[in-house]
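The structure appears below as structure tokens.
Naming follows writing order (A, B, C, D and E), and every chain is counted from residue 1.
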Amino acid sequence: AQQEQKSEETPKAEVLYFGAPLSLSGKYSKEGQMSLWGMQVAIKWINEVHGGLKVGDKVYKVELKYYDDQSNKEVVQSLIQKLADQDGVKFILAPYSSGLTLAAAPIADQRGVLMNSHGGASDYIFEQGYHYVVQTLSPASKYQTGFLDMVKSVDPEAKRVAMIYEDNEFSRAVFKAAGEYAKQLGFEIVFDKTYPKGVQDLSPLLNELAAAKPDVIIGGGHFADGQLLVSQLADMKINVKAVSILVAPALPAFYDALGTKAEGVCGPAQWEIGVSYGPEAAKKLGIDYYGPTQDEFLKMFKEVSGTDEPPSYHAAEAAAAVLSYAYAIEKAQSTNPDDVREAMNTIEFMSVYGVWKIDPETGKQIGHEMVIIQWQGGTKKIIWPPEAANADPYYPMPTWEEKEQGKLATK
Amino acid sequence: MVGDHLVSNLFYGALLGSVYGVATMGLSMIFGVLRIVNVGHGSFVMVGAFTAFWLFTLYSIAPILSIPVALIFGIALGFVIFQAVMKKLVDAPELSTLLATFAIGVFIEETAKFIWGSDYVGFSWDIGTLYLGSITVPYTKILAFVASTIIAGLLYLWFTKTKLGKAIKAVVEDRDGAAVCGIDVNRIFTLSFALGIGVTVMSGVLVTLFVPVGINVYMGADYTLRAFVIAVLGGLGSPWGAFIAGFLFGLFENGSYTLLGMIPGVEPFALTRFVAFVFLLVILLVKPTGLFGGEE
Amino acid sequence: MQMGKLKALVPMVLVYVILLVIGLTVPGMWQPVVYFMFYVALGQAFNIFLGLTGYVDFGYVAFLGLGAYGMAIALQNFAHLGLVAIPIGIVLAVIMSVLLSMAVGAVALRLRGAYFAIATIGVNEGFRFLLVGTKLWGGSEGIVLSGFMRKAFGREIANYLSTFVSDLLLFLVAFLAALTTVVILNKKMGYALLALREDEDAARVMGINVTKYKIMAFITSAAFAGLIGAIAWTLKLTYVFPEDVFNIHYTVEAIVIVMLGGAGTLIGPMIGGLIYGVLKYYLSVIFPGVQLLILAPLLIVTIVAFPEGVAGYLIKKTRNSKLAEYLR
Amino acid sequence: MLTVKELEAGYGEMQVLWGVDLKVGKGTITAILGPNGAGKTTTLRAIFGLNSPWNGSIEFDGEDVTFLPPHRKVEKGLTMVLEGRHLFPGMTVEENLELGAYTKRAEERFEDSLELVFTLFPRLKERKKQKAGTMSGGEQQMLAIARALMTAPKMILLDEPSQGLAPKLVAEVFETISKLRDEGLTILLVEQNVFASLDIADYAYVLGEGKVVTEGTVDEIKDSDEIKRVYVGV
Amino acid sequence: MPLLKLENVTKRFGGLVAVDSISLEVEEGEALGIVGPNGSGKTTLYNLISGVYYPDEGRIIFNGEDITKLPPHRRTPLGLARTFQIPRPFGSATVIENVAIGAMFGAGRDVDSALREADEMLELVGIDHLRDKEAKLLTPLEKRLMELARALAMKPKMLLLDEVMAGMNPSDINRILDLLDRIRKEEKVAVVSMVEHLMHAITRFAERVVVMHQGKKLIEGETYEVLSHPEVIEVYLGKKVV
């Protein structure tokens, strides 16, 4: 049962394979599933709406070959080789997470196949000199900077920043950059502590954090600890003017889990339903718009996934990675990975996910912008950057006591 | 100030520790009677957490009321697993049961993922907050503590005072000997396993009372690891010892934070774990069978 | 020791050769074959301790982890010397895991059964949190080497190291671990371990210096673990993260492999490793997303059918036949 | 009281019993004799249900109990003293005895049984609080018999009860056994101590290689060639 | 010089004095029987000699060396071997492996000669047909015979046997007694000390008998004399047997 996508009408069209090791089981299975659907949507668009990839006088249909990497680094390597050697795939969508991407990189590099990272945010992947590895999502260093910009612009008085985050390489990269950026903006870091993975109780840390009397808190790491952090801030009634948490708030499950405690909590997201990326916006910037519009994307996503679950940013990232290959292949008019890699250096386009442009030197994403979301009255609003925003920031956020009285972060 | 922190951290540690304790008792019980090392332990905690979550989300049943439901559900689950798999391995080498429990754990997680998806879910059940000097703590956590302590006490009484409890001990010591006394050895095995799983699933409810968020099908791994350590600290096969050890472990983990926080240039939270494990090793060196363990 | 006793290695060498040939000739099969070999090597190394002494070291992965760090540190510090950095790394990996095993052995091997098992979890976790807590060796950010290696050795060689050389070395390690096992089994040490595995007190009364043999097996096994960590992780993956290399999941997998094959046997870990690796890989290729749901019942059925492992069963069955010499 | 027909049993794939027929009359002592490895222990274990019979039937007290698990047999009044004692080593003498009276029927007669046991073995009364595992070999044997009596049995299967007992005590134990019979207990006895057991038995079977070789009243057996061959070493 | 010398050895368990100030000498090549009522301290005495317990008081001297505080595994190489009243085989190992382990570590043989030696011992004891059986599958009696073979394979100077013959039928007992006689005579150094409640075995075997009672040495002397002593009959035998 090879998982492939077949389109019947044009039997003459040649098939071009994209390949992906996906985390369908294990700790990243949530993200893996979203990524798969996102890729399938993009491919569907390429084949059915766009009419396949036109390279010279040939038209290619794109098909996806994917396997489950079980979020396991040993499996990833085997799968990359299988994709490259047995399935003849030249365009690989990298596995989820920085670690797995790094594990896959030497094999891809040696086989000379392209690898496009849609789930590995760490900057250092792109500091290792892998020519064939490029990035679609914004790197870790960008995650919390937008939030700080926002705070500075709405409340120049807020000075005291507390950082409390999970101790892993990703969060460290995020907060190292955020800390430096905060100082540049004139903030003072009054608290900077980590907690290990798998904690059940942050009270000792929060005790200390409260004593530092911060104005704003930035923190988090993954889903579980992000939820725990907010839940315990509420338990211990630690009130600040704004909170931005990595990763967790971007998912609907965050609000489901925390209810009104989530009101006013912010978080960075690679993408969010409702962002104002579209053909108009592209035209303003003078670049191409490529791929489905947001409405098309949502519609096709529903078809592909067969659920009512809205796409998360993982889906959009993955779709954008697929689209970037397609766009670059058409630009290069070649399916040779070297030519395509060359073309990727020069392209700049917009998709449902936003702008795509890489640094030619490292392959790192530099075109795409993070957005900041905030939970307001039970919905996720985009509050930053102003160009993408669909709501004003609610600042300062309601206190925990106010929220218990039923106050929401709406005016 | 440091003193304040220490007091409140110890308080939080005690609450946490009681939950750790109950979340270990089932593991200890199963090991004690059947010599089965349940490496799938955490997946049963997870099942309990989801039980509380769904009962609350779908039927608004307060988590505290889910405790008996989870116990019964867990016992049923344990019963089925024992009859289907473990029964056949009672006489097999000890470690082969470890393979089986590993596979069962994986199976439960993946089945759960199939049914419940891989989201991180949670709920909030607010019943107010206790303010006590420097301590601010929601009543749900106090409730988790009280419930844990009562459960542990009841289990202790059951084990030491009832006939069935004694029969279990007899089976542990000599199976054939128990049979000639008229004890149904198979029933004791089934019962102990089912009850061990039941207590574990039930502890999942307590865990969610304590931490009502971050409930996920893969949440169990951390509990397995910690339960192992606590079970040994308390003396394997001694559920009561497990409870006390859990309590100490919680105190130690949170309490040492205050002190380690004073060392510059380190991550105190990670070091609390380090210190807790050093504590374990030291205890074992002094008393090689744990705090409350008999001879091995 | 007579050569005759090495006969037991024949089926194993045969399998290794077949695997090598498949890996080298069938396109796309090299990495999968290496993936199977990772589990075989892991099982083979762990068996020297777990299988032969009956002691379970739940913290076994710490030795792989330390080996991985040994190699990483060597590459970081000696890459300017060229490729010698790799043998240096191998030596350092072995030294580091051996040192840890001596420390742990001296302290924890006094404990029995499950107490030992879990004390070693403490060692593994404790070590991880120590690294993270004190930010030693990069703390949670680990050590990322690919860029470094590519600069030092050039892209071609660096890729070659990670995608071929490390893999061949892994075959070698697996073979050496098996050879060591055979040698031990046929020496007095093998019998001493057999005795202590069954009844440590009785073995002591019979004049066996139990502690000495336990520690010897422990150190040997740890040294192989260090090699695997250095080769299959650092050299191959080109990075080391503490969370990855001190992950207890690998210990559990190693136990599963040894038990699946048959603890204390020579060929068991290979059979177990192959079964586990092949199933895990092909199920993920054929049934992506549900493979674990299939793998778990398969494991259960196997262990219920062969409680002493597949090889354990075969060995018992063939005990009085001609085949017996080839199966141990 | 007990009728065994065509009993076959074994371990793993190895068959040990090849069709054993036995009859034990109510209130009698029946002895099973035979060389080492003949299958005497296996016979008792199979009757009691510790090894499930492969074939054949077992009737106890007028009921078919062939496949009844051991604990159900104890409830019906059948129990066994195992070769190798199988006490609860970590528990005290007292606790061992309490567990002997585990079934409901036995619990009701707890006081009486305890008194009986303590008169038979005063040493046990002295050592009520000692852990069973630390008792001497002979003391453990006493406790094993005592524990069996605590189950308030109608019939006891005794596997080498005199093993490890000092000669003086052996004589006492045999006396006890015959006293118990006189009080109405039925006893199936396996012994190496042939002549002592034949002195108290009513009927005897000689087992060889998993089959009954001879059977008969005590006097018949005493004179049989089988007995001479095995026990006198002719 | 006696091979083994106990000087006022005492062992207490809580309030109970299991071995009460026992002094004893055993000569090279001697066949000594130890008898006494149940619980009189015979096994405890063996445990003290082999090092399972250490005495609370007194000294134990073996072959001129003070071994009072020596751990068990240091005593074996000196030539002390024993069997256990409740057998402790290496269960998953085969019978031959069990015995060979004795030869290897007790007698310092290399693997191959130990296996050869073990085969011989199995034959001597009469359980060679069980050679490749897993030890845990043996009956209690077979296990004790295997322990005897294992102890013999250790080529001890002194062999402590704890009720090896209980439950054995008379013809087998005779065979084992012959065997013990032979090793005692052929391998001159061997001293056998035996605890047994079977009087016909003791009378045939022992040259000298020690009777223990409540932890103390009740009487010691030539076998027939001791066994017909009225006090021995009173506390141990119950009636006259010889």
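Structural remarks
In the analysis below, contacts are C-beta pairs under 8 Å (C-beta built on N, C-alpha and C of every residue); 3 or more make two chains touch, one makes a residue touch a chain.
These numbers come from a predicted model, not from an experiment.
The fewest steps needed to get from chain A to chain E, moving only between touching chains, is 2. Chains that count as touching both chain A and chain D, per the definition above, are B.
Centroids built from CA atoms put chain D at 44 Å from chain B. Distance between chain centres (mean CA atoms), chain D to chain E: 29 Å. The geometric centre of chain A is 36 Å away from that of chain C, both derived from CA atoms. Touching two or more other chains at once are residues 110, 221, 267-270, 273 of chain B.
Shared contact sites, meaning residues of chain A that touch two or more other chains, fall at 25, 29, 33, 167, 194, 196.
Those residues of chain D in touch with two or more other chains do not exist in this structure. Across the whole structure, chains are in contact as follows: A-B, A-C, B-C, B-D, C-E, D-E. Those residues of chain B that touch chain A in the complex are listed here as 1, 5, 8-9, 12-13, 16, 19, 110, 113, 117-124, 126, 129, 134, 136-138, 141, 207, 210-216, 218-219, 221-222, 254, 257-258, 261, 267-270, 272-273. Taken together, the chain D residues at the contact with chain B in this complex read 48-50, 69-72, 74-75, 79-82, 85-91, 95, 98-100, 102-103, 106, 147-148, 150-151. In the complex of the two chains, the chain E residues touching chain C come out as 50-52, 71-73, 75-77, 82, 84, 88-93, 97, 100-102, 104-106, 110-111, 114, 132, 150, 154. Those residues of chain A lying in contact with chain B across their complex are 25-27, 29-30, 33, 167, 193-196, 198-201, 203-205, 207-208, 211, 223-225, 227-228, 230-231, 235-237, 248, 251, 253, 256-259, 261, 404.
Of all the residues in chain C, the ones that touch chain E in their complex are 186-188, 191-192, 194-195, 197-199, 201-210, 319-320.
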